[in-house]
Structure formats: structure tokens, C-alpha cells
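Contents: one structure, followed by commentary.
Labels run A, B and C following the written order; every chain starts at residue 1.
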Amino acid sequence: MSEASADFWKRVADSDLLYSFRRSPGAIIAAVVTLGLGLAALLAPWIAPHDPFDPAGLSILDNFLPPAWEEGGDARFLLGTDDQGRDLLSAMLYGLRISLAVGFASVILAMIVGVWLGLIAGYVGGFADVIIMRVADVQMTFPAILIALLLAGIFRGTAGPGSSDSATMMLLIISISLSFWVQYARTVRGSVLVQASKEYVEAARLIGVSSIGIMVRHILPNVLAPVLVIATINLALAIIIEATLSFLGVGVPSGRPSLGTLIRIGNDYLFSGEWWITLFPGVLLGVLALSVNLFGDWLRDALNPKLA
Amino acid sequence: MTDLLSVSDLTIDISTRRGELRAIDGVSFGIGRGEVLGVVGESGAGKSMLGNAVIGLLPARARIAGGQVWLDGDRIDALPRADLQHLRGARIGMIFQDPQTSLNPLYRIGDQITQTIRTHRPMSQTEALDEARRLLTEVGISASSERLAAYPHQFSGGMRQRVVIALALAGNPELVIADEPTTALDVSVQAQIIKLLKRLCQERGVAVMLITHDMGVIAETADRVCVLYAGRVAEIGAVDDVLARPRHPYTQGLMAANPTLTGPLDDGLRQIPGSMPTIAARPKGCAFHPRCSEALALCRDRRPPLITAQKVECSCFLYHQDSQALKAT
Amino acid sequence: MVSFIFSRLMQAIATMLVVTLIAFVLFRYVGDPVNQMVGIETSLEQRETLREQLGLNDSMSVQYLRFVVRALHLDFGVSYQQKEAVSAMIAQRLPATLELTLVSVIFAIGFGVPLGVLSGLHPRSLASRAFMVLSLIGVSLPTFLIGILLIFVFSVQLGWLPSFGRGETVLIGGWSTGFLTSSGLQSLILPSITLGLFQMTLIMRLVRSEIMEVLPTDYIKFARARGLSDRVIHFGHALRNTMIPVITVTGLQIGSIIAFSIITETVFQWPGMGLLFLQAVQNVDIPVMAAYLMLIAFLFVTINLAVDLLYVTVDPRIRLAGTPA
């Protein structure tokens, strides 16, 4: 694998990756913001001023408090409180954590499923290839969010209302990732078809290296760059889809509010003047999606992989 | 006699990540009325850049850094956009290398021709159509309505290049720049196209700037030849003189490498050792000296000026009057 | 060309068959149709009779065939939740969604194409850069967030435009339209911007990159070398050659717009099909979900087919050669 990864890093260097990174302020800002938000999400239990999910710490008397600098604000709650008196800043940090966790989990699951299906389609070929690619074609006709929404709906129908929080979460992650696998599969399949026709793969096969060995040693390194780019761009999309599903009320379980859930709650109070419950989580979500997107955009331009 | 086109000391810079690079370095030449000047050199010598500069179509990264271009008494190297449009097509026509990509695939042949005619001449659509028919006949394509209504992809490569020639002549220009007009064509059609171009320009009295890397094409077509090397003129003179006795070692090398010019093959094809330096790595002094078997010590440091050596202009210290003296030092 | 159209038609039918199969499986196996239709007090025998009446004991292929034939007759069963024919529910909601979609598409194309051309021709100008930054923000922000922000600014803060519903509608031959009243038109503004913004930025970026790709090509250079005017080159030669991908993407986006209307309709409480579908998902109202799925798939497939046919008229290489290049 070392030889293969060396090849990857050589390609990274060839593409002037570092050079272009240092030259594009947008990419630097996006990377810094993404990292910062990721860190904040990771450390939420330690840096959040309150535990928003501890019922003992909540007082209904504290509800609808505006941000601390507004009239009627309370210094304990920097960004104000929501309808149940939860500290908004803390709820946002925990929400960010959940948004990012669901996003990462969906992307990784989609990547694993997609890469393997692509390898199978390209390497095994025949009937498996036809089936996998046909399903991919049909699925590509529909936008990811529709597929995720439909799957979430079906899972709700089969699982019933009494299912546990973690089961709901798992199903949500599966719904989102199932709408993403196609792009990985297509890219990997294309690369496999190109590589498999090359002499060294043929030679490896002749000297008796197993099929899986060939795939791992020779083909995976070649698809690393495009897969990385797809994953980054998908991460932004996954975060948006999760937020949207949660906003629509079919996303994360209500016991674990994500940024989308917070916005959904706040939206009910937008007209009565409690704008902060909607706007702060909204801005945070926007900044998160924008910076991940910017970073992905730059990565795509810099690595310039052939995407299927 | 004043030349139709006169280029003097033209210098073109390209801006790259590594800074400004000099693509064309002080090039001067002239083309008389009805004359065919062959511009020859390896790829990367700056031939196309030169042609594009004359018609004002330099890529965005390139700019004219010095020198002048005159066409029939008008200075044309710094024209405003609107005037350039009146110049292109009407006074200077251009033929590109690849007829596959020169024609817009989504427009009918007839529409592309009439559009060009009507841009430069006050004609009605019907008159322009008649003119288009006449032009097509002139370039050897039967001018049926069917042909006019065809799309480029329905024509063969040679036919498309004929259409391109018709388009270049549609505005009755005084000068045609032909940038490798046959390189992308089948060998069997190349000679036909070159003959057609030569004949049409002769009949119409149009001067031609023929850009090519093929000494054979030059020998057949051109009146005078200008040899470019690494963005500079190596040698320029009448084709007969240059071919009969090439002065510059580079021209000698080019000739020796061309089977049609060296005569019987048993003479042996010789290649110039090494390759032309890229634009970013041009050596000091004479750009050719690292590959030159006759290089003098001073070739490494000093750039040879263009001097007249028996009717032909040549930039090589071997022909300097005091070169022997310089050699001694 | 005939074979090209035929193969596309076959693909469309294949896709529809796959989708109806999924819808059928959904309809038949997610939850028990009988349990959904009767109350708790219904006896087992009564349930069995109902099961027999509904044909649920027939073989799978017969049931699937019946399902498809019914769908072809626009019979999608009865909503579990509303106890009303699904087709009637959809028909009642369809005008709202289609009108919203139409206005959004016009907005997306009407702004996207000119902005794309301008920023493609002058990629370094300040305005182009500003548009690109704005478009990146537009692409990155979730639709519902844009809707909420628009409501917050234009309804809550400024009070200029209505924030929910369709306003007054006029009924013309069973079609309720919001185009004929001022409140109906006003109500369309914010939702259609919300819905069309993503597509607008997409079209703009696409047109821009296509224009930038076409400008350095040989035929544009040759057109310049012939002295054609900038107007003819940019809006004739260049734009025409960018239209093929633009038509494709725009066509495909119409499908996405209809799908995304689920979100916009929720934010603006717009009484269309999207809202209906979302309520069905929340209530696990399977017949409505299955019907919506098939309807959306049908729209997608039809639009794809229309895009292919448009292709053929724009690109002579396909029209005359029979196969796309």
C-alpha cells in the first residue's frame, strides 16, 4: 500500500495542491472555519456553557430570553433561550455535533457502499454490472433529497412510531447515504475498466495475485482523488439534507435536536418576535454548509479528477 | 516598393505564473502585394503567435510589448476593438489548421458564408447567397442548394478546408494568413489544398502569409521564406536563394532533415541534435548555439543581429564581416 | 434519428416500470392495507372478506398488473388518513404546485441565462465575481433556510409580501389559479424565488462555464478572424453552442424544482402536492406516497424525453446522423 499511497501523494504534489491552497484565501478561510466548527462540535460537552438536555438544569421561567445584548437579555444565556428555556448557544453546539455526525456517517457509509459496488460492477462485470448500473441510472434521475425523504418515510412506515432514538438515527443515516452511493460507484467502475485493461493488472493476475489484492493495490489508489472530492462535496450536501429532513420533521429524533430541528422549532416563533431561535442556528448551518462547499469546490479544482 | 504588410521589431510577451516570458523577440519582415511569404519553424517557435498578432487575435495572456505592424500604410497593431473587426475578414483573412474545428458545427455552411459576406459587403441575403455559390464554385465545391444547406459534419476534411478558404476570401481581403492549412488533412488532399490556395491568391492578387513547419510546402508555394527559431528570425530571403544555399546552420539543419529537399535518400536524413528550448528556458546569446555544430565562443554571450549576407538576411555570426576577427579573440 | 428516439422511449418505459414496481412493493408491503382501512373492532372474517375483495390474495404478478392498470387509469386507491380518493386529492393540489413551478422556472432561466452570459464574457469583472460569490452562497444554503430568511426580511421586518398561502385564487374549469388576483401574484413572489434560486445559480454557473469553454474554441476564433461582430459571435455562435447542455440541465432541473417544492411548500404553507406528500410521509399514508412517487417519476421521465427531443432539434449532428456524438 505504501507504494500506492506514495503515488497518490506524488499526484497531490503534481497538481500544485499546496501552491493553490496558499494562493486561494477562500479555501483557507473555508478550511479554517470547517476545522473550527468541527472542533467546537467535538468539544461541545466541555465548552458548552450549559447542558441543554439535562432537565434538572432547565427552568421554564427562562424561556424566550433574547440574546444577552438585547433588552431583557440574561448574561447567563449569550444567544438567548428557546421555548423551553434551553440555552441557545449550548443547544447549537450540540446540534452542530449531531449535524456533523450524521453528515460524516452518511458520507462514509455511502463511500463504502459505492466504492465496493463500483469495484464489483467494473471487475466482475456481466450481470452484476448491468443490475448495479441500471439501478444507478434510475436513481440518478431523482434528486438526492427526494430519495432520502422517501426512504425516511418508508422506514418510518416499517419501523413504526415506537422505535428508539438510535434506530431512527441509523435509518436516517442510511436514507441519506443511499442517495449518494451512485457517484462513487460510477467513478470507481470507470477507473476499474480503464485500469483492468492495462498490462500490469493483467500481469498481476497471471502471477496469481488475487482479484481483491489487485483491486486494493492497483485500483483503489487511482480512485482516491475523485472519491475524496466527491466525499467533500457530499458532506455539504449530507449536512443540508439532514437539516432539511429535520426541518420537515422526518429527520433526527426530537430527543437529539440537530441544527435543522432547532430551526424548525424556532420557525414557529419567527412571527411573534423571537427571531433568535431561528436565525442563530440558521446562520450557523449556513456558514457550515458554505465553508464545506467552498472547501470541496477548491479541492475539486485543485485535484481536478475525472468525475463520472 | 513598399510592402503590403510590414512588421518591424515585433515583440510579444506572455504572462505566466513564472512571470512575463518573451514569445516573439524583435521580429521584422515584410510581405509584398500578391507575394507568398512562408513562415517556417518548429512548433513552439512562435509562428502561430506571429500570425495571430498580425490579425489582432492574440490570446488574453499575450500582449504586444514592442514593435509595429503596418498594413498598406495603416498601423494595425494597436487598433481599437471596433476597427479591428473591420480589419479582420475584410482586409486580412485567416485560415486555421484544423477544418474539423474551424467551422461552427451548429450552423449551415451557407449561413456561415453569407453571414461573413454580409458583415463586410452591403448585400441583400439573395445577393449574398449568389456570392456564396460563386465562392464555393471557386474553391471547387459544386454550389448546389443542398451543399449550402449542409452542416460541417456532412463534409469531408478536405471539403471543409475548402469551405474555410472560401470563408477567408469572402470579404475580399488583401492578405490571407494561412496557419498550417494542411497539417490536419490527409496527405492525399494536402497538395490539392495548397495548390488551390496558391491559385486563388494568385488570381485575386492576394498576399499570403503561409505558416508551416514543412519546408517542402514552402519550396512549392512560397516566393520568400522566413525561418523562425525560438521567437527570432534566423534567416529570411527569396525561396530560391535560401533553398539553394541556406546560410544559417539551423536552416541547413531543417533542409537536411527534409527528404523531399535533400534528393535521393541514400544521401541520408540528418536530424539536428537536441530540441528547441522552451519559451521559459531560452539560452543567452544566439538561441540556437547549444545545438549548433559551428557555434563560436561569442554565440554563447551575444545575440547575433540580422545582417544581409549575399541577398539573404541572416542572424548568424558566421556571416559577420569581422567574424573571423572575432573568432580569433 | 428514429432509433435514437425509440431507444430513449424504451429507457423511459423501463424506468417507469422500475418505479411502479417500487411503488407497488411500498403500497403492498409497508404496513397492511387492510389494517389501515378498518377499525379495531372489525372481525377476522370481515378482514378476510375485505382482503379477498381487494384481491390481496391473488398472485403477486396479478396484483402488480392490476396496480399498473389502475395507475394508468389514474386510480391510486384511497388515502389511509383522509379516506378520500388519492387522485382527487392530487388533482386538487396540482395547480398550486404547477403554477409555483412555472414561475420558478421562468425566474431561474430569465435571470440565470443572461447573468451567466455576462459573467462568462467578462469573468474578471467585479460584477461577475460578485455574482459568483452570491451564487456559491445560493448553492450552499439549504432551500428552507433561504425561504425563512426571505420571510424574515420581507414579511416580518418589512411587511411587504405575504409569507404563507396562495392568496386569493380564481377557479377556471376546475383549475384554481393565483395568476389573476394581485394577492395571488404577490403570494407567488417569495416562494418562487426560494424555489428557483438554486436552479438560477446552477444555470448561471453552467452558462458561464460553457461560454468560457466555447470562447477559446477554433470556430469562435475563426468567426472573430472573419470580422463578425461581437454581438453575433457572443449571442449567435457562442450562446447557441452552449444551449445544448443548458437545455439538458434546465430540463432536468424542472423535475428537481417539482421535487424541491416539497420544502418550499412547507416553509410557505403552500397548498400544493409537496405539502400533501410531506404530510403523507409524516402520517405514513402509503397510497399518497406511492401515487406521488409515480407522478413525480412520470414527470421526470416525460421531461427527460422532451429534453432528448429538444436536443435533436438543436444539434444537427444528432438530427442527421442518428446517434449523439
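Going forward, contacts are C-beta pairs under 8 Å (C-beta built on N, C-alpha and C of every residue); 3 or more make two chains touch, one makes a residue touch a chain.
Predicted, not measured: the structure shown is a model, and the values here were computed from it.
S.K.: Which chains are shared contacts of chain A and chain C?
M.R.: none
S.K.: Name the chain whose C-alpha centroid is farthest from the C-alpha centroid of chain A.
M.R.: B
S.K.: Calculate how many whole Å lie between the centre of chain A and the centre of chain C, each centre taken as the average of the chain's C-alpha atoms.
M.R.: Each chain's C-alpha centroid was found; their separation is 24 Å.
S.K.: What whole-Å value do you get for the distance between chain B and chain C if each is reduced to the mean of its CA atoms?
M.R.: 54
S.K.: Report the inter-chain centroid distance for chain A and chain B in whole angstrom, where each centroid is the mean of the CA atoms.
M.R.: From the centre of chain A to the centre of chain B is 55 Å.
S.K.: Which residues belonging to chain B are in contact with no fewer than two other chains?
M.R.: none
S.K.: Would you mind listing the residues of chain C that make contact with two or more other chains?
M.R.: There are none in chain C.
S.K.: Over in the complex, which chain B residues touch chain C? Could you list them?
M.R.: 55, 57, 59, 81, 85-90, 93-94, 96, 98, 101-107, 115-116, 119-120, 151, 153-154, 164, 167-168, 170-171
S.K.: For the complex, which residues does chain A have touching chain C?
M.R.: 137-138, 141-143, 145-146, 149-150, 152-154, 156-158, 236, 240, 243-244, 247-250, 260, 263, 267, 270-271, 275, 278-279, 282, 285-286, 289-290, 293-294, 297
S.K.: List the residues on chain C that touch chain B in their complex, please.
M.R.: It comes out as residues 216-219, 221-230, 232, 237, 240-241, 314-317, 320-321.
S.K.: Under the touch definition given earlier, write down the residues of chain C that touch chain A in their complex.
M.R.: Going by the criterion above, the answer is residues 15, 18-19, 26, 30-31, 136-137, 139-145, 148-149, 151-152, 156, 163, 255-256, 259-260, 262-263, 266-267, 278, 280-282, 284, 286, 289, 293, 296-297, 300-301, 304.
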